[in-house]
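Every chain is named by a letter (A, B, C, D, E, F, G and H) in the order it is written, and numbering of its residues begins at 1.
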Amino acid sequence: MNRISVNTAWCKGCGICAAFCPVKVFTQERDGTPVPEYQERCTGCKLCVLRCPDFAIQLEVSGDEPK
Amino acid sequence: MPEMKYDDYLVKSRMPLFWCSGCGNGIVLGAILRAFAKLQLDRHNTVVVTGIGCWGKADDYINTNTFHGTHGRALGFATGIKLANPELKVIALMGDGDGATIGGNHLIHAARRNVDITAIVVNNFNYGMTGGQYSGTTLEETYTTTSQFGHIESAFDLCRLVEAAGAPYVARSHVLNVIQLEGFITEAIRKKGFSFVEALSPCPTHYGRHNGMKTAPKMMQWIKENAITLKEAEKKPQAEWENKFVIGKFTDKESVDYSTRYEAVMALAEASVSKGVSEREG
Amino acid sequence: MNPNNSIRFIQGNEAIAEGAFAAGARFYAGYPITPSSEIAEISSRRLPQLGGLYIQMEDEIGSIAAVIGASASGKKSYTATSGPGFSLMQENLGVAVMAEIPCVIIDIQRSGPSTGLATKPAQADVMQSRWGTHGDHGIIVLSPSSVQECFDLTITAFNFSEKYRTPVILLADEIVGHMKEKMIIRKPGTYDVTDRKQPACDPADYKPFQADADGIAPLAAYGSRFIVRLTGSTHDETGFPNSKPENADKFIRHYTDKIENNKDDIVMTKEYKLEDAEFAVITFGCSTRSALEAMDLARGEGIRVGVLQLVTIWPFADSQVRALCSRMKAIIVPEMNLGQIIREVCRVNDSGIPVIGVNKVNSEAITPFEIMEQIREVSKCRK
Amino acid sequence: MKDRWEIILSGVGGQGLILGGSILGEAATVYGDAKATLTSSYGVETRGTFTKSDIIISKREIYFPEVMKADVVLALAQAAYDRYAGKLDPDCLLVFDSGTVTAAQNVQASQYGHPFNRLALELGNPAIANIIAIGTIVGLTQAVAREAFYQALEARFSEKPKAAELNRRAFDKGLELAGKKE
Amino acid sequence: MPEMKYDDYLVKSRMPLFWCSGCGNGIVLGAILRAFAKLQLDRHNTVVVTGIGCWGKADDYINTNTFHGTHGRALGFATGIKLANPELKVIALMGDGDGATIGGNHLIHAARRNVDITAIVVNNFNYGMTGGQYSGTTLEETYTTTSQFGHIESAFDLCRLVEAAGAPYVARSHVLNVIQLEGFITEAIRKKGFSFVEALSPCPTHYGRHNGMKTAPKMMQWIKENAITLKEAEKKPQAEWENKFVIGKFTDKESVDYSTRYEAVMALAEASVSKGVSEREG
Amino acid sequence: MNPNNSIRFIQGNEAIAEGAFAAGARFYAGYPITPSSEIAEISSRRLPQLGGLYIQMEDEIGSIAAVIGASASGKKSYTATSGPGFSLMQENLGVAVMAEIPCVIIDIQRSGPSTGLATKPAQADVMQSRWGTHGDHGIIVLSPSSVQECFDLTITAFNFSEKYRTPVILLADEIVGHMKEKMIIRKPGTYDVTDRKQPACDPADYKPFQADADGIAPLAAYGSRFIVRLTGSTHDETGFPNSKPENADKFIRHYTDKIENNKDDIVMTKEYKLEDAEFAVITFGCSTRSALEAMDLARGEGIRVGVLQLVTIWPFADSQVRALCSRMKAIIVPEMNLGQIIREVCRVNDSGIPVIGVNKVNSEAITPFEIMEQIREVSKCRK
Amino acid sequence: MKDRWEIILSGVGGQGLILGGSILGEAATVYGDAKATLTSSYGVETRGTFTKSDIIISKREIYFPEVMKADVVLALAQAAYDRYAGKLDPDCLLVFDSGTVTAAQNVQASQYGHPFNRLALELGNPAIANIIAIGTIVGLTQAVAREAFYQALEARFSEKPKAAELNRRAFDKGLELAGKKE
Amino acid sequence: MNRISVNTAWCKGCGICAAFCPVKVFTQERDGTPVPEYQERCTGCKLCVLRCPDFAIQLEVSGDEPK
């Protein structure tokens, strides 16, 4: 399974990752902080990483080298 | 040089970013840094020149050489930087106010001159930094802090303008299309000559808030829904897309850049020295 | 070859261009304007011969921006303009101050304000050259009175600029700029050329605004081994923004102090027959010539007059003028404006002696006779 | 010999007066051992209208670069003549183009009228009237040495031997006229 | 008002014109004055705004209201003049340096805003007034006092640029085609909205002289020989005309002008008054 | 309706906008910049309500151009900016001087030079406001120290502008501009509104620069019965160019004289407890508030201090300050800059008393304690 | 009763402190007969970071508009609390959000901690924590009359009766807390 | 016959009238001043009038009202 981690020190809870994840991996806390609730669905498309305006998402695609 | 990863260009010590939650600037910044990594730019030979505005603060997070000048004048500084040392990679980051409203003249002239600079304009449809007033790209009938009764001016189609001014590389994308955007930026930097990339981007804090799109996802969705690809547009009558954001690469043509042309001047000038300098009348 | 080839009979504007080449300037960006355009035209021909670059920008704002940028890339750079263009350059002049980027701006003054009379002389940008850009700052302004000084002071302007990492203004005027005169093009080696200090530290430790003990920070060029961050926003030593009050205080004072603290080096004056003088004419630029002629006329009539020429206009020669005031019976200040330098003379005139202006703004040179008239007047009262 | 000459060259735009003055200045300074200054009234509105240059040649330092008391006035057009003729001292030389200027009566200066423009045409080029006139002035004043003037001409037209030759002939013509009061 | 003939608009007391022999400015001036007469403009309701340059001195010969400001800023002044009193006919006369080099930003923004001003640019390919330096319309490989080794920059296609900026009326002619030129000018003045006419014109004194065309007829002939009509051009492949002067009317479309649009703002604003002014936070 | 509706608790910037509306201003062209943008935003909402026009131009150069143009069309016009924008306006400010076109330019000073610290206060454009544009000219500059003065002085600025046919600068600062304070929006009729003089002559005889006996020429609007020729080039009474020396002389002097000759009307100062004072603080703008607080602190310690507030900064209150110097033991000049007004005080200090600056440029307000410290210092020496 | 109150409202950007200060100022000046000034530290870099406003309410003329010696400090965030707590005099009131701020030990000022943010949420809108806190300050100081504050609220929310009502309840809540030292 | 007159006070001898008259009505003096030598050829097209940059040519087309 791909591992998604959110750097909460950098994340501002904008909700972009959650809104545009093609497979709806994220839920959000009250303050917007994303929670990769359904990590198992993750296809590893990395769109959330690329679209996070705050460099706050790290994705380890299973089998991949950690990036 | 060890291989550079995108975040090797990032000034991590200054994170988190100064920008608002959901501001698209960070997405464009990411795309740029990844393009840098793809091209393995040497930090020492790269100069990022910024204007003044929210996007103009991007240089705070980039650890190449930087120049942060005055509002609207990034391309003026960039022109001097590049022409004085043609070996440098020069990238100018400007807002829509910065690059296309107060700075419009430098933009069209830099395009005409074909100075080898990559200009990346983040168009968020307003002056973010000063609190959301209208700019030259604010859409008609939308609201800003200075068009509280609805804006009555037409927005520039920046790509069309820069193309008409003579730029050999012109492309537009938006931050949701971040992969395409990164691709355009990479091509633009690679291009020898003046290259221009416009990135449509949300300013949820001001433009979004005044136009019923308080959150970044909403504003990004709106951009997406109003976008049409250049290919699609070309197939349809103008009336069907003229009020849409046309996304794609508008120009990518060959054209000798300024520094290369100047070499000819130097050659002729040198030849003329031997002939002696004849005095001119003032 | 002519053995006298270093003697020339040329215009002030041409001498300025030659001075720039001699100082090692290799980048010009400008926008033509009367009465400075000859500097552009000569530069457009000569710079490419010297391996340098000439570019005309879309306006004066872009011109000074390109000059600043080119200097950051390591080329000694300059531009030339006149009042209207100089006004347009004011905002970016502040960038050169704030980012501490050497460059030379030449203002060939013409009759103004506004478009005024483009081909006619004036000396009315004196205060503007000091205060034209917003915010606190120091600046160096030199003013030539002859074609030879056009050449020499242009070299000095570049030297000060490089030495103090600051923009320097050469404030000439239409008369000096367009006048032809005998002058010597000095040969390389016969004059000093200063180049900006380069960092000696490890590239990892380089901070572009970290001053050495002499108060000046070394400036590496873009493309060197050093990473250079330059900015017109308030920053700290690293070039990153820093809005702490103590930081703002430090740097804003620095821009003025690095000039004020070096007045001994920067302030240049020339004295003519002041030893035995009872009356002094304080002057600068083209009016110096009228003053010297008047001095001779006056001495012909037995009036002991001397002349103090302010070669450096800014920083102002406070101590020299103050001392002079304490020795003279009266001071006369001829200017082709309504009284700009005279304000400074009055400011430091602790002795309370009469300070009288000869102010002419009809777009014609002040004649020696007009100065003479005032000399006669004060010498009468004071006898 | 006077050690300071204050000379006004006047006419209308396009007559090559600044050029003439420049060569005179070069002769005096680069090829002679005098000082010299040349100032000209520029004006956006002087296309084809009145124009003048002041040239001062002196052994001593020259401070004020405009003519304070003219020793020589050259007037190549009526407008120029009219402006000066009445104001000159008896010891001033007034050199004018007798072909285009109608001389006035009560002029105190010593007048030297020659048909410079016509003579220039005869020499083959109307543009050298200025050099003929300057030749006359040099002949009358010795303000610069002939040899120096030749050198200055040569240097200026070093790449155009034909023009050099023509100008030299014009200058000689002017020298020849000097003294011949019409 | 008695019928006005073209020379009733001419300041005869200042003749002859200040311009050089053969300068095309006088031809354009004539065309303008005849257009004034054709439209029977009221001198009191007409304001001619000029920039600085040879062509910028045109107002010295026109006896309507005039405004002669700074180099490059004519459209800034004109915008204020027009918007403060929408009844006025405002005509801005600018050189290629004035209107399109230093003044390029005002040009594209005025076009975008569609302020009802007629801009007439005399393009003589250089800065005439200051002695023939290159401008933004100087052709590549030609000579000027500051491109003595041949110019290395491309020239703007001003009409294309202004069209891309959004102007509803754009046309180009040259002084030899004076009747066509007069027609374009007349149409442009009549047009409600921003209208732009470019007149190609000789500067024999500088541009001509430096490029082997010392006389006005020669330079006019050269313009003519290098011109092609828009109609012809449309029939041919771009390569055949892209280095030619395309002559004709590029755009003439409907578009509501700024002042008319502003009426809507005023109406909404008035309506909002009754609702009371709510204080905003600074 | 609230009976107290004329009392408001608002920002200085808002009061400035209200002052403009009250003065009859109906045209704003500007370009947003911190810390002045509120003036733009309020104007954008209120002007169309009042039948006026708000437009954002592409830059500050176009903004002041449009303001000048609109004024020529007969509308009272204004713009607001801060240092960087003010620098850009300098060239066209000269047009307003030369073509004698009324308009008001508001500069809300921020910490500079260059981009500096956009949101932080300073008082460092004092000299620029006088000398920023090239060439000789006079100018009127007013500086408010409270929200009430923001309102009142904006009205005065328009009145002077119309009366003297000249641009007027309202030089405020971030502190005053952004501070909220109790103030009274005066009702129409309770204050004077001046409109420019209109010609009374036959239209055929009208010359737009022909001054009346009072030295000011009536200015008709475009679109009126009069033909109006306006220009920034040197012109004569008719508005046609005229390069005769006597004409240049006449008009260049006129731009300064019409202001200098009316100093009695234009120069406004406020005096606080100067009657019995031994020491005076000369101050302006936001620093006035610190000075007044310091005055009270000092008097609490038994030191007799008074305050002279320069409401009009330019033309400078020469005679008032000169007279004050002759009565005081010492003068203190606090400024949020490195010493600009103090130069003027020194210039007219014929009495040779100590003049001491309290200069702060760390982007924070000068505190009353800092002034107090200096007061204590001088009072010690002088006792 | 003191006739001059120097109050600092501090927290992080977005907490509505300027708004709160403004209403307080309006209450004092428009609906009371005091003078008042409000200054705020603006900064491009204060989005979500430390921010403060100084409000001075006085019967006398207010010259220097910044707090010279605080009578009241409101700290709605830890950063704000930490900046001030140690520096205050014993006669100063330190009002803070007890929900988000960990109070320090050796603080001389009288401390009044209440969970303003939580209470605001309970009242239905997190954005009104500022008004509750200001209510507490008003309750503690009587710097303005309650009635005046109600009027100021009403005027400001004249077009939004719901918001007016909510804010009024928040203010009342604050008043109620005043005196309850936690 | 059409009558052409040249205002020599305004004419600058640029030669435009002569160069572009379709029927070559003009000759020029040495200084450029145009002479309507072949007036009889004149078709009355007025192009010389319109193209003269100095408002120096008057044309009376025979039969026309003088303009």
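Here is the rule we use: a contact is a pair of C-beta atoms (placed from the backbone, for glycine too) under 8 Å apart; a residue touches a chain by one contact, two chains touch by 3 or more.
These figures come from a predicted structure and were not determined experimentally.
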Next item on the list: Ignoring subunit H, split the rest of the assembly into groups that are still joined by touch.
Entry: one piece
Next item on the list: Compute the shortest path length in steps from subunit B to subunit C over the network of touching chains.
Entry: 1
Notebook entry, point to check: Which chains, taken as a pair, are joined by the highest number of C-beta contacts?
Noted result: C-F
Note to self: Can you work out the whole-Å distance between the CA centroids of subunit B and subunit H?
What the structure shows: 55
Notebook entry, point to check: What is the distance in Å between the mean C-alpha positions of subunit E and subunit F?
Noted result: 37
Notebook entry, point to check: Per the centroid of Cα atoms for each chain, what is the distance between subunit D and subunit E, given in Å?
Noted result: 44
Item checked: Residue numbers of subunit F (touch at least two other chains) -> 34, 41, 45, 48, 58-59, 61, 84, 91, 94-95, 99, 114-115, 120, 178, 231-233, 241, 243
Notebook entry, point to check: What parts of subunit G, by residue number, touch at least two of the other chains?
Noted result: 22, 43-45
Next item on the list: Would you pull the subunit B residues touching subunit F in the complex into a rising list?
Entry: 52, 68-72, 101-102, 104, 127, 129-131, 133-134, 136, 145-149
Notebook entry, point to check: Taking the complex as given, what residues does subunit A use to touch subunit B?
Noted result: 9-10, 12-16, 18-20, 32, 47, 50-55, 67
Check: For the complex, which residues does subunit C have touching subunit E?
Finding: 31-34, 37, 40-41, 44-45, 48, 54, 56, 58-60, 84, 114-115
Check: Across the complex, what residues on subunit C touch subunit D?
Finding: 2, 4, 7-9, 34-35, 118-120, 174-175, 178-182, 289-290, 292-293, 296, 365, 367-369
Note to self: Residue numbers of subunit B touching subunit C in their complex, please.
What the structure shows: 14, 43-45, 47, 49, 52, 57, 59-60, 63-70, 73, 75-85, 87-88, 105-106, 109, 262, 265-266, 268-270, 272-273, 277, 279-280, 282
